[in-house]
Amino acid sequence: MIDFALDAFIEATLREDLGRAGDLTTNAIVPADRTASATIVARSALTVSGLAAAGRAFVLLDPSVTVDFGAQDGDTVAAGTVLATVSGAARTLLTAERSALNILGRLCGVATLTRRYVDAIAGTNATIVDTRKTTPGMRALEKAAVRHGGGKNHRFGLDDAILIKDNHVAIAGGVRAAIEAARTHAGHLVKIEVEVDTLAQLDAALAARADIILLDNFPAADLIQAVRRTNGAALLEASGGVTLASVREIAETGVDLISVGALTHSAPSADVALDIAET
Amino acid sequence: MIDFALDAFIEATLREDLGRAGDLTTNAIVPADRTASATIVARSALTVSGLAAAGRAFVLLDPSVTVDFGAQDGDTVAAGTVLATVSGAARTLLTAERSALNILGRLCGVATLTRRYVDAIAGTNATIVDTRKTTPGMRALEKAAVRHGGGKNHRFGLDDAILIKDNHVAIAGGVRAAIEAARTHAGHLVKIEVEVDTLAQLDAALAARADIILLDNFPAADLIQAVRRTNGAALLEASGGVTLASVREIAETGVDLISVGALTHSAPSADVALDIAET
Amino acid sequence: MIDFALDAFIEATLREDLGRAGDLTTNAIVPADRTASATIVARSALTVSGLAAAGRAFVLLDPSVTVDFGAQDGDTVAAGTVLATVSGAARTLLTAERSALNILGRLCGVATLTRRYVDAIAGTNATIVDTRKTTPGMRALEKAAVRHGGGKNHRFGLDDAILIKDNHVAIAGGVRAAIEAARTHAGHLVKIEVEVDTLAQLDAALAARADIILLDNFPAADLIQAVRRTNGAALLEASGGVTLASVREIAETGVDLISVGALTHSAPSADVALDIAET
Amino acid sequence: MIDFALDAFIEATLREDLGRAGDLTTNAIVPADRTASATIVARSALTVSGLAAAGRAFVLLDPSVTVDFGAQDGDTVAAGTVLATVSGAARTLLTAERSALNILGRLCGVATLTRRYVDAIAGTNATIVDTRKTTPGMRALEKAAVRHGGGKNHRFGLDDAILIKDNHVAIAGGVRAAIEAARTHAGHLVKIEVEVDTLAQLDAALAARADIILLDNFPAADLIQAVRRTNGAALLEASGGVTLASVREIAETGVDLISVGALTHSAPSADVALDIAET
Amino acid sequence: MIDFALDAFIEATLREDLGRAGDLTTNAIVPADRTASATIVARSALTVSGLAAAGRAFVLLDPSVTVDFGAQDGDTVAAGTVLATVSGAARTLLTAERSALNILGRLCGVATLTRRYVDAIAGTNATIVDTRKTTPGMRALEKAAVRHGGGKNHRFGLDDAILIKDNHVAIAGGVRAAIEAARTHAGHLVKIEVEVDTLAQLDAALAARADIILLDNFPAADLIQAVRRTNGAALLEASGGVTLASVREIAETGVDLISVGALTHSAPSADVALDIAET
Amino acid sequence: MIDFALDAFIEATLREDLGRAGDLTTNAIVPADRTASATIVARSALTVSGLAAAGRAFVLLDPSVTVDFGAQDGDTVAAGTVLATVSGAARTLLTAERSALNILGRLCGVATLTRRYVDAIAGTNATIVDTRKTTPGMRALEKAAVRHGGGKNHRFGLDDAILIKDNHVAIAGGVRAAIEAARTHAGHLVKIEVEVDTLAQLDAALAARADIILLDNFPAADLIQAVRRTNGAALLEASGGVTLASVREIAETGVDLISVGALTHSAPSADVALDIAET
């Protein structure tokens, strides 16, 4: 199945790099009929994401290129693993290289960081989820990368669930009023989540039957209290400044979800490279 | 002057977040006629970039919003600094918040990391430059962020200069042949840079009168040799695995340019937030 | 707040009508400096929707035009009601007329038909909801029209909730297996609805704790049974061939939701017109 | 031959339904390698239009899908007729289903209603034509549907013929002045039609040698008069509130053309469905 | 009234020139707050077209710029005439200069050449018309330029009239068969023109009642014969290799229309310049 | 390798011609299953450019069409040369004909005129270069045509080199100040060219070490002086009112580059045609 949004993204990525005049260097030096094959290699251990997209970059630019995958999105691989082999016109391989790697490196970075968070809470009942703090234009890809790293997704946008934040609560005049306004407007398929800053607000949210309650910057002791008071009546999400150092303690409080903005806004790019071998 | 590319980017960013149905939460809870003002605040010390873009996000979404800037792109500010104050419909402020911050946080992150590299080599003759390892769709913005952080820009794309990489050299059959092929095809306004892996290749590049020579992963001792041999006949660029720990030693070898991919592919997002104060 | 999607839709609508050469008739006959005002009038009783969009068509084409609204989306008005008065260049009024009315007529048609269904079940606990059987390119507008007519919205697309249909059940090997597969993949904000054809399937869906159960083409007697068995454990949606003649009987069975494809796929356009009065 | 406009329309239709995250249900439940075939079936008697477009929706989304047509645009078929068989990945069939059917149902609706009008005037010399009261974005498709139903097309837009309406006449200061202004500006390939409300205006239009004269809301007796007076000197088009009940009487007056807005603005969607049979 | 197509064309023109990084020279040298005014001047005598478009280029790029026009499209002016004065940010004037002049120079070129052809046949009954041999993307603008030069427009595209060319005739099996096939398919608003190579074909075209007959590469003597035989029963268009040297003789044969491809495919750009005067 | 920008340009060209309703004539007269082959022929001697693009127009519109090339971009051919043979559906050949020829004729025109300038200076050391006076939307194609004609390219846009013009010099307060401001802002890959009007300014430009110096409207005697003073310290470009009559004298002064705006703004279209031979 064609992913129209992905193809448009890849074409825009390539065109941003090609500019008006194309790859001056390659066109000057590499004969048009020279073929080659190249490997896309993980230079360090990583969790794979974006591999299909990276391969697609070559094929969209040049449908005569073939791509053989040595791994797939979601795999965790050792340094040195050949992720894919790309064969075709040498010009294509060189011209698409940077676009493909920019996409792949970023998405492997997100998946790899997610995997570290997920591994850090192994054995608990909590789930790592992302946020809307994503790269403009790459939300669907980055949310897929979070899934490839073992996490789950929070909202994809402002339109697919209600998330009442502190400012909404303030304007509505309280947690209960905000939830009721939301319920009046929301369709029957829309879940309602509310952010609370205190245990008192938690009680109000429970009384108003929120589906999910986001506990913002709660100390671990308060999280434990919150889990106790809630007793399964709603899903509880811990959020705010979560790090690899703190995430396990948070998970062990019994919350259902831990959202981590850093998964998408601060994951360093993974080290991937393309090695060309002439044929 | 309107920046058409920027406006298109911002609109795409907003639409990605708004989806088909818009901001369900805000539309359910916040009255359409409620106004507010909000501050965009640096939660930690940072170098500013993307502030004009972030302000533009509010105004594009709602031309009746006003933005007053408390800082400008290129400033380095302390934690707590109010970067801008945004006033207008409360719905607009809440709906555009995440889009504006996603852009601003990423670009401040790039500028702040660049500033650290630039400060690390203060007093040397070297210049920090970026690479093409940028976020798809954000190249011009991220390259501006590098300038805001005190760095300079390398190529904007494959079409605005010649950069002969190792694979080109291999296909051309040597550094000299590659440079000559490039010179034959390039217009008179196009500079020619060539990547070399050894001092022997450096000599070939100098003999062929390359404008700039990229020294790939040279140890410091070799960089010093390269500077000596070149003696101003070409610009020298050090590249490959540069870190904040290693950059000063590299700069002190006397190279002209140090390119750092991490500036754009691995800068953590800066911590910026929007605080709403009702009016 | 600008609705980017709406503006793009209106511009496309106008450009489809204007073609390459624009309004030949108006440009030949009406002087460029002639001004006029016009009223948009409901020729028959109707429920209003799309009025803001219709007004926007004039203003997008010519920002110097002014629009004064005599009604607003959601109002039910008598034949002869002036919905809006548009003033400005006579050429603009004539050139945008058909585009504006095509949008308005269709959306008022949807709202008016919805209102009839909603009125038909007044006093019951059921809610009228739409489907994804919408006009390509107009889903958000038509779903707003359903709300303006007093209905509620079902899914906006394939991505904002799980709706397991008969074919999914068949492939999954049963209602329970399908619901479990869905729950494994879905994020915590996504509700799960399943379509059932029999009371036995209803039981399976209840056992698997579906959030909503769609009762496809159930006779009224079976709907009553379904309501009894469910006893509030899930929302129940009646669907399939619902007409104005049958909807009340269905509503009185106690189901929560009644979905009606005809609201958007077969509503006749409402009779709206533009009357120009020179000034 | 590729129809670029059609492909863009179909892609937009699919993307509207797929949203950011795609078909959650199908992706959760249906294995990626499961294949299936499905029939597109007419649930009631109808005249076919949009079948090529509906088939194209599957193929654009997934070029490995094959479509075999059991009928073609323009055919009138009985309830139960298999219009097409679609084979390929089960996910594709389920994901594209609604988009394809929304297009097909609407266009068959237009063709079927047109066919009823055309049949109603069989044996007369009149021709049923459409108007510009079409669905935004679908004008070319709906006008093709009118042809499939046996009708002919009026203007495609404001730019492909002159149609002087009552407001133009008023501004020009009379029928004759309006026609003369139009003739001065129009190219030699552009025909001139004028709308008249009275027999006196008809005389003026004839005197000014209009190519076509639109008789707006003329009673049948006046239409007969108009035909007599015109005596072949211009084409005559009857328009205004034409219904299936009134159309034959109008046709029998001897007018050349009868334009019916309802063909495109109020045709109920035809009942078409996709039945999946696993393979 | 906004011309959406024109604005999109101008934005694309500016973006093609601005590239990814914008006007390097102006941004480096001209302070952002420097204002200036500039005149757009005709360096040689010319007929004006595209002046509104050229002015719009500045205003679209920077809405704070003001443009005062010293002439208007359709005027014929002497060398040295100030066509417009543009005032605002100096950066804007310099950055938009080339885009504005490229549009203006080309369109004035078309209008000026058209005016020469029109003047060359003054006093005859013939009309100069253009062809579809236009610059890709600029058809509407170039056809307006033809009108500004005193000519009239032929078809705007393949869809707004029937023009049966020699290849169509050959495939149809003759002039008569081709015209009849065309008449069967065409709507009542579509005129039918047919190209003929001989007087015998002219007779066939007259017998089949073509609206317009294109006489392809007829010698003057044959044109006179054709006019005589036709005797007003159809419009006659002379076409093929018309030059300024030959056009008057052709016009004096009595044909109605003379089409000249060179108007749009070979008009040299008019000499227009922008002179900046600081303020 | 796909040229995304070219494909988008061709599709826009075709859609501009096809309008909403497509090729009325061809669809009415030519059976859908009729095949044919056609030759694209040079009607006069010319230098080829745009042939690949012209062939692509047929294939993009109809992937089942095949194109065999009889020449290639850069060839200079005699009148009567078959440039390509196109085979496939007769409708496709007729429908794409004008779009393909409009592109081809214009680009061959540019290449042919360039070739005349290049030939005129054969044996000198000068190079013919183009300017930014290109057709909106066709810059990359026209600059390729200049290369096909034996010329070289100047800047592709405002962003790929510094070119300081007289207005910049005036605002900067002199040639030296302008060059220094440019050097401060420019990256290390950007060359700096400056326009001078006098020999005194030339001296200033040399002192400030400009890479290239544009001598604007210098008489030949002054060009000779300029070459002498410069003595290889910078490239010298002669510009301003260059004609085929004057270009050799200019080249013989010893300047390195001669820029000619007419190559792209005033080249008459080359005479190319498509001859259909049924099969």
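Brief remarks follow.
Think of it as A, B, C, D, E and F in the order they're written, each chain with its own count starting at 1.
Operating definition for what follows: contacts are C-beta pairs under 8 Å (C-beta built on N, C-alpha and C of every residue); 3 or more make two chains touch, one makes a residue touch a chain.
Everything numeric in this text was worked out from a predicted model, so none of it was measured.
Superposing the C-alpha atoms of chain A onto chain F requires a rotation of 120 degrees, rounded to the nearest 5.
In terms of C-beta pairs in contact, D-F outnumbers the other of B-D and D-F. With centres set at the average Cα position, the gap from chain A to chain D is 45 Å. Here the spacing of chain C and chain F, counted between their Cα centres, is 52 Å. Taking each chain's centre as the mean of its C-alpha atoms, chain C lies 22 Å from chain D. For chain F, residues touching at least two other chains, in rising order: 16, 18-22, 95, 139, 153, 156-157, 159-161, 190.
Looking at the complex, you find that chain C touches chain A at residues 127, 129, 152-156, 159-161, 187-191, 193, 211-212, 235, 256-257.
In the complex of the two chains, the chain B residues touching chain A come out as 9, 12-13, 16-30, 34, 90, 94-95, 98-99, 101-103, 105-106, 109, 132-139, 156-165, 167-168, 170-172, 178, 181-182, 184-186, 190, 261-262, 265-266, 268-269, 276, 278. Chain E meets chain C in the complex at residues 1-5, 139-140, 143, 153, 156-157, 160. Residues 16, 19-20 of chain B are the ones touching chain D in the complex. Against chain E, the residues of chain C that register as touching in their complex are 11, 14-15, 18-22, 60-63, 89, 91-92, 95.
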